[in-house]
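Notes to accompany the following structure.
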Amino acid sequence: MANRNHFTRSVSRHLPFGEKRDTRFYGMHIVSVEQFDRQDLDTIFEVAREMRSMVERVGSFDLLKGKVLANLFYEPSTRTSSSFAAAVQRLGGSVLQIDNVTFSSVSKGEVLQDTIRTMESYTDAIVLRHPEEGSAAIAASVATKPIINAGDGPGEHPTQALLDMFTIREELGRIDGLTVTMLGDLKYGRTVHSLARLLALYDIRLHFVAPDILHMPAALVEKLKEQGMAPCEHVDLADVLPETDVLYVTRVQRERFDDPSMYEGVKGSYVVAPETMAAAKERMIIIHPLPRVDEISMEMDDDPRAAYFRQMENGMYVRMALLALVLGKA
Amino acid sequence: MANRNHFTRSVSRHLPFGEKRDTRFYGMHIVSVEQFDRQDLDTIFEVAREMRSMVERVGSFDLLKGKVLANLFYEPSTRTSSSFAAAVQRLGGSVLQIDNVTFSSVSKGEVLQDTIRTMESYTDAIVLRHPEEGSAAIAASVATKPIINAGDGPGEHPTQALLDMFTIREELGRIDGLTVTMLGDLKYGRTVHSLARLLALYDIRLHFVAPDILHMPAALVEKLKEQGMAPCEHVDLADVLPETDVLYVTRVQRERFDDPSMYEGVKGSYVVAPETMAAAKERMIIIHPLPRVDEISMEMDDDPRAAYFRQMENGMYVRMALLALVLGKA
Amino acid sequence: MANRNHFTRSVSRHLPFGEKRDTRFYGMHIVSVEQFDRQDLDTIFEVAREMRSMVERVGSFDLLKGKVLANLFYEPSTRTSSSFAAAVQRLGGSVLQIDNVTFSSVSKGEVLQDTIRTMESYTDAIVLRHPEEGSAAIAASVATKPIINAGDGPGEHPTQALLDMFTIREELGRIDGLTVTMLGDLKYGRTVHSLARLLALYDIRLHFVAPDILHMPAALVEKLKEQGMAPCEHVDLADVLPETDVLYVTRVQRERFDDPSMYEGVKGSYVVAPETMAAAKERMIIIHPLPRVDEISMEMDDDPRAAYFRQMENGMYVRMALLALVLGKA
């Protein structure tokens, strides 16, 4: 597990030989996808699968009864916030929701470290969404309770990448050997960056399809190559769609373009609709971090390949798994 | 049950003959008062009565333990939101509160259908407050979990009408045979419109007392007449107060009048105070959807006929009943 | 118990002789520090100590299972709001959070009394934070459920004063005989005013250290003298630090000074840092209501005398104790 020590609680725990791997998550901060190796992902996926199965059978259960989760959001993100809240509630715990608009201490100039110390004295774990890169690592450096990074600006959003991976694994039965195509805004899309780094742990063929000005950052491409991947860059989805097993769609935002006519010129190429999908395999999936606006036509929603709503639901199971793991109850 | 099929879950359920009527609510969306007949109301009132009795005896109980309710409010309405939240909490469930100010996905352009699909993947039922008429029906059209309309703009607010009816029934012991007088702004008052439509299921004498420019809409009056009612319109409360069993007060807002002097001319006629009530029966009730500003004098609050605070409390019992019914636990 | 009748529920309860003192809290409003005598504080501290011990051993327990607490905040105060929410959740109850931004009824002109009547019909107790002095007393005058004042503008913040007292007692083992120094803005600091009044119940030596324009109000000093205290006023912390057992630090805000150069002249004197503390006793404590900005250097955080984070955690235990006491479950 890379960087394990850096993100583990400073309180040292002397673990016996032969420990069950999932006990190794106990007390851990979830800050970056860099923390995880394939075995970690297997553990998370296995627990997430159990969570889904239990939710389907009984809805909720009391694994985390009495636990209080701080949902500390310095910027709004209803989907992420709601899925963590539902996750802890379905495990019998409760949530202490703190939204940016009401965070008076911060407006009075309190540093993040003090806010974290406050919240950890009331709660058992802290989910943190913050607009500044590195804030989750700062929080983890002072906290004695687990910090879960729910997005730190242009930095990371590790639980999103984990739920993306879990969705691929569950929908297609495996990860090794797949062809993954990332489409749209690959320059600013935090989720594609994190997912690409996790995919590098597997034997994957990777395609990037983006407008000229929204290419995957060169540094990340370089890093992926160092890890043995050979990502190919394209501007036309048609080149790679027929062989694609996983199509990861992101939104191309008009605001990214200085010249509006440039946006008008490309936008049609990055919309997924039934006619686009005629060229795709019958067994493949379309995923998307949501919210989608018009980059995936609503006509696609009933297509069995449209996995984005199932992916979103998986978010709750993966977050249930992470909460159970870091609180030592999985 | 009028329009039953339209609002019931699309998943068809083949019910055995002789089913208990309250199992028919299982999985149902609550979108409009039009869904209900008298027998439905009897069922809801009976369950609400049990809820009140259980709250009075033990405060809370675990009927909905493990259930998660989404309280999805696109516009603020603390009273309605709080009573749904308290309702599910008193039944042992938990609430996932989403207020408009933090709803980032929406600000990013997500359509209501996607937001509903998201929330239903995390929760067991969704309470929806939305400023646009018809939004609850749109939500119900995509949802596989029950949607409860908590007000859709100028459209409907069915749970308010149900709690109004329940209050009349509990305070006066019956509904048939009563004289109901609606006072104030009958043009824009969503709650009086919905209530009038429910009252049309009963044998009621109905009076409308409103300023000239705030009359009950002609289309609704026409509809009530088709249903066999003969509502009388008045401008002076004194004409009908002596025979009134239920006085439903609503607020006349200054902003409705183009000419301020017109407002000044009428406002005194639409304030309920001890001197007004001298002409009323000893056994009758005053109800109001709340908040009240000055259309009911605070001096009235200790009058036993002032039922508006008990009415508000009834809101929680009716909402507990509806949640238990649609989740199949009544 | 001073002013007991004024703040107790109007519903009279005939208590048997020989009642346990803590049953006397049942149904009580917590509005002002003036309500309490030393015996009351002993009761609260004893229950708070039990709460801490139970949280340390099991995290949460079901003492208030089924109870619903309204957290009614007309102005934001995340720390106070969160500690009440966590308190009731750790006792197995749930919280109905109402923040100012969403309080639509109020924006429609509803009076506080009606809002309180609404919330008490849904919940078992109400925590009220309001910008206007006297609002907690108004709320208590209409409520039949316990009201807990969580700060009413320039008025009182009794639970903060109680947690300050509890911290002193737990950190130093006693209250009588201590020397307490209050530092910083003593003119506008609501917390130092309330704490000074509680300290007057004990045998305490009290020092005030403040810039000229931020002196403790003369009326409060007069009152403390009437109660037998002899507070000394200073401008230089060095005069009294060596004999200080409890240093209560508050923030000196730039905005209080008309003349910026005046602020620049004094600000250095009101910052607590390692070099300042060299002159202090080895066994003494620094407390602060938080949030701190720069009036206590972060370098102090690891000093064992820095008790402000433990003090904050104590806030949860004291609030758990108060909730259990007023709800009759301690």
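Read from first to last, the chains carry the letters A, B and C; within each, the first residue is number 1.
To be clear about the criterion, a residue touches a chain if its C-beta (ideal position, glycine included) is under 8 Å from a C-beta of that chain, and two chains touch if they have at least 3 such contacts.
This one's a predicted model, so the numbers in the text were calculated from it and none came from an experiment.
Where touching is counted per the definition, the chains common to subunit A and subunit B are C. Where subunit A touches subunit C, under half of the residue numbers in use are shared by the two copies, so each contributes mostly different positions. Computed from the mean C-alpha positions, the centre of subunit A lies at a distance of 41 Å from the centre of subunit C.
Shared contact sites, meaning residues of subunit A that touch two or more other chains, fall at 94, 97, 101.
Residues 65-68, 70, 94, 96-98, 101-106, 108-111, 113-115, 117-119, 121-124 of subunit A are the ones that touch subunit C when the two sit in their complex.
Within the complex, the subunit A residues that touch subunit B are 58-61, 73, 75-79, 81-83, 85-86, 89-90, 92, 94, 97, 99-101, 290-293, 298, 309, 312-313, 316.
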